[in-house]
Amino acid sequence: MIIEKHHREKIKKNKPAVLGLLFIILLFVTAILGPFLTRDPNEINFNDKNLPPVGFSIEQSMYNIKTQELEVTERKGSWEHPLGTDDRGRDMLAMLVSGARVSLEVGFLATGIAILIGTFIGVVSAYFGGWLDNALMRFTDVIMTFPFFLLLVLIVYMYGPNMVFVILAIGLTGWTGAARLVRSEVLSLRTLDFVTASKALGASDPHIILRHLVPNTMSSIIVIATLSIPGVILAEAALSFIGLGDPALVSWGKVLNAGQDSLVTTWWVAVEPGMILFLTVLAFNFLGDGLRDALDPKSE
Amino acid sequence: MALLEVTDLKKYYPLTRSFLYSRIVGEVKAVDGVSFSINKGETLGLVGESGCGKSTLGRTIIRLEELTSGKIQYNGTDISNLDRRNLKWFRKEAQIIFQDTHSSLDPRMTAGESIGEALDIRGIKGDTSDVAELLEEVGLPADFASRYPHELSGGQKQRIGIARALAVQPKLIIADEPVSALDISVQAQVLNLLMDLQSEYSLTFLFIAHDLSVIRHIADRVAVMYLGKLVEQGSSDDVFNNPLHPYTRALLSAIPGKNVERVPLQGEVPSPINPPRGCRFHTRCPKRMKVCKEIEPQVSGTDHMVACHL
Amino acid sequence: MRLTRKVNDIVLCVRNLRTYFFTEKGEVAAVDDISFDLKRGEILCIIGESGSGKTATALSILGLIDKPGAIVSGSILFNGTDIAKLSEGKMRNLRGNKISMVFQDASSSLNPVLRIGEQITESLVQHLKLDKKQTRERAVELLASVGISQPEERLDEYPHQFSGGMKQRVMIAMALSCNPEVLIADEPTTALDVTVQAQVLDIFKELKNSTSVLYITHDLGVVSEIADRIIIMYAGKFLEMGDAREVLMDPKHPYTKGLVGCLPSGKIKGRLVSIQGSIPNLIDLPEGCVFCPRCPDAMEICRKETPSETGISDKHSVRCHLYGST
């Protein structure tokens, strides 16, 4: 209903958007099935530490206690650890797969909360106007200036780090953009004749809002949501990077953090999560742009 | 008995200047004291140029806008101040059709859903066969119910709008420039449709338009509006064959293609925020006299009414 | 069946113009084999409903057809040169200068952040290369010529301070600023009130002897008020053409007859004679005569062959099998 046939056709023609969508689907599948197929990301194995990915080899110098010499050995990647290991021997592939799940969870849940709050406030503000509109928009301004980062630090300080806090912090402060966009759309929608027609039939306000206003802003909402998700994922990665994330969970940010010191030697520990973050953000952005172009009513 | 009787209706829009709180700095006097009545089965044509307030008048009459003062009587009942709950019965009695076919239908709903919604809102039980019947009434095949507005032409969209209005079986229909945006051949079809429906269901129309030829064709009585007031009212024949007010005469003479001596009007239409003192039309009237600048003319006449000092 | 005319009597000569739009859903023949002459000093009206191709014809003449459309074949002779084949640079010299255009919606044609004076003088500066003082004088002259009072003061105002009718008059003044030979007007009065429309039509009538006008409209009333000759277009094709009075008094093509009959005139009450059916989808045109599916006088041959032009008189021709010699 929202994404109709002619929209789907338009999207199909947009190759980057299609590629983005495929990547995201792949990511989903990986996140759901991956943990069953890979090793335990928390398994520590000092023997296998710092292994490069398959196909690469690296020279490492290790101090041999027995001979008291620096030995230079060549270590090769193997299919046992296709993407290599970190300095504690944890399998990179397993960690990335686990991280995918975390990122997608945070991405969708936090965005979901933000969109719900934003849409509700935007619609109510625009439809009823007057002092309510004023009050809600000033409230929105306040929230916009609120640094969710500090909020999270505060909560972590009080209750310890937890993924739920991350999701709530991002969701409860990230709805302002959506609220403004939805509000401006509803402001122009509510003067259209089909809304007047419903009023002339005696429709109640909830009916008009749910039956007419929200469906007509749905395409914008979908686009806003799709384009917000990468920001949320990056925010979570940033938080984990500095250690505010949930220590029990493996996330891309955490792995990045671990790899930042040894970029020259064991470069894969930082480059791999970096790449995957980059591709994920790109994929959502391509899809979001494609959706926006396809659903834009002006282009119909 | 008059189906609709309007007495001294006024609709003002406040102009606000807001800093921290809103202050009223003036008013747009969109409708400034309008009185008329329409009998059952009749079509009253409301004619005027842009900004005269005819659209606002139409919407205020069916209480889509709150009136500032005055009285609206429908079938003997005073509906001027009824609140939403008490107006529910009226919503089945009076409906409106719009000018802009692009915005009159929800683009996310099929034609059938738009018509069905009308039945739903007013709690009338209906199913696809009822929708099909309504489509047939307006001359469209039943399978149009599954079409979206962007798949329909202007004329077809207008018919769906009419079907939606008819769904609740109203007695009064406000037609707000229903054919102005349509091609000539489609205009003729829709006008014929409206006239057919009128005779079949004894509908009463308030037909708002700026095209005088259309009004002349379809209206029994005509009211000419200028800057929020009615300057002349009467039967279609009377007003068109014997226009009394200078503004009416100017309008009629301006219709292109008729070999009538043009009555030129000076200047521009004044703003409804600050209408001229005395007779509103005096700033542009070719026949203005001294008294016109001071005193507002009273309405004179019984059947063919006019507000002019002449 | 045209009489030969003196060459310098004809300002614009369009021959077999075809402008097609190549869309994903198919080919749209927006203008399909249109030919006409615009004589010096006359007002030629193109009449048509939506989809008739009237705007596309005007844009083709000015070279303003953008992708996915293009002029596919035909010639547009302006003072001897085929402007259909001119480069963009040379077309730009002509636009606003020798051939100018007025559009329907004056509000969106004017830049809201620039003063009126700046906008009028834009083409003066570009084409005529006048200096500041000269352009200002000329601008005042122009505003006065289209009936705007106190032109000196109004030059420094912004578009939002003008009413709809005044904006349209400013557009006409801009179009006339360089004394063009041809003025194309695309439904300039459709959005205006009837009294304002009358004033604007007066301006067009006064142009008669200095500028030739190609006036596009769907309003037969306007046509009978100002047109010397008319062309009736339908779905990209021309159906009837000739002297305005003759065609309107004695329409030959069933479509023209239908259009004239559609108009509420107040004299005959009751049902209007309407044309059954609706305007065809240009992607899916029927074979044969394009009006056939709606024509009350359709014959067998109409379904198969496109009619060619037949002359009714030396001032009136029509494309219809009812009159063609088969």
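The letters A, B and C name the chains in turn, as written, and every chain counts its residues from 1.
Everything that follows uses one rule, which is that a contact is a pair of C-beta atoms (placed from the backbone, for glycine too) under 8 Å apart; a residue touches a chain by one contact, two chains touch by 3 or more.
Since this is a predicted model, take the numbers as computed values, not measurements.
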item	value
Farthest chain (mean CA position) relative to chain B	A
Contact-richer chain pair [B-C vs A-B]	B-C
Distance between chain centroids, defined by C-alpha means - chain A, chain C (Å)	55
Centre-of-Cα separation between chain C and chain B, whole angstrom	32
Intercentroid distance (Cα basis), chain B paired with chain A, Å	53
Multi-chain contact sites of chain A, meaning residues that touch two or more partners	none
Sites on chain B at which at least two other chains make contact	none
Touch list for chain B against partner chain C, complex	49-50, 153-156, 183-189, 191-192, 195-196, 210-214, 216-218, 240, 250-251, 253-258, 262, 264-265, 268-269
Of chain A, residues touching chain B in the complex	1-2, 4, 192-194, 196-203, 207, 211-212, 215-216, 218, 297, 300
Residues of chain B that touch chain A when the two form their complex	59, 62, 64, 84, 87-88, 91-92, 94-96, 98, 100, 103-108, 114, 117-118, 121-122, 148, 150, 161, 164, 168
For the chain C and chain B complex, residues of the former touching the latter	49-50, 163-166, 193-199, 201, 218-226, 258-259, 262-266, 269-275, 278-279
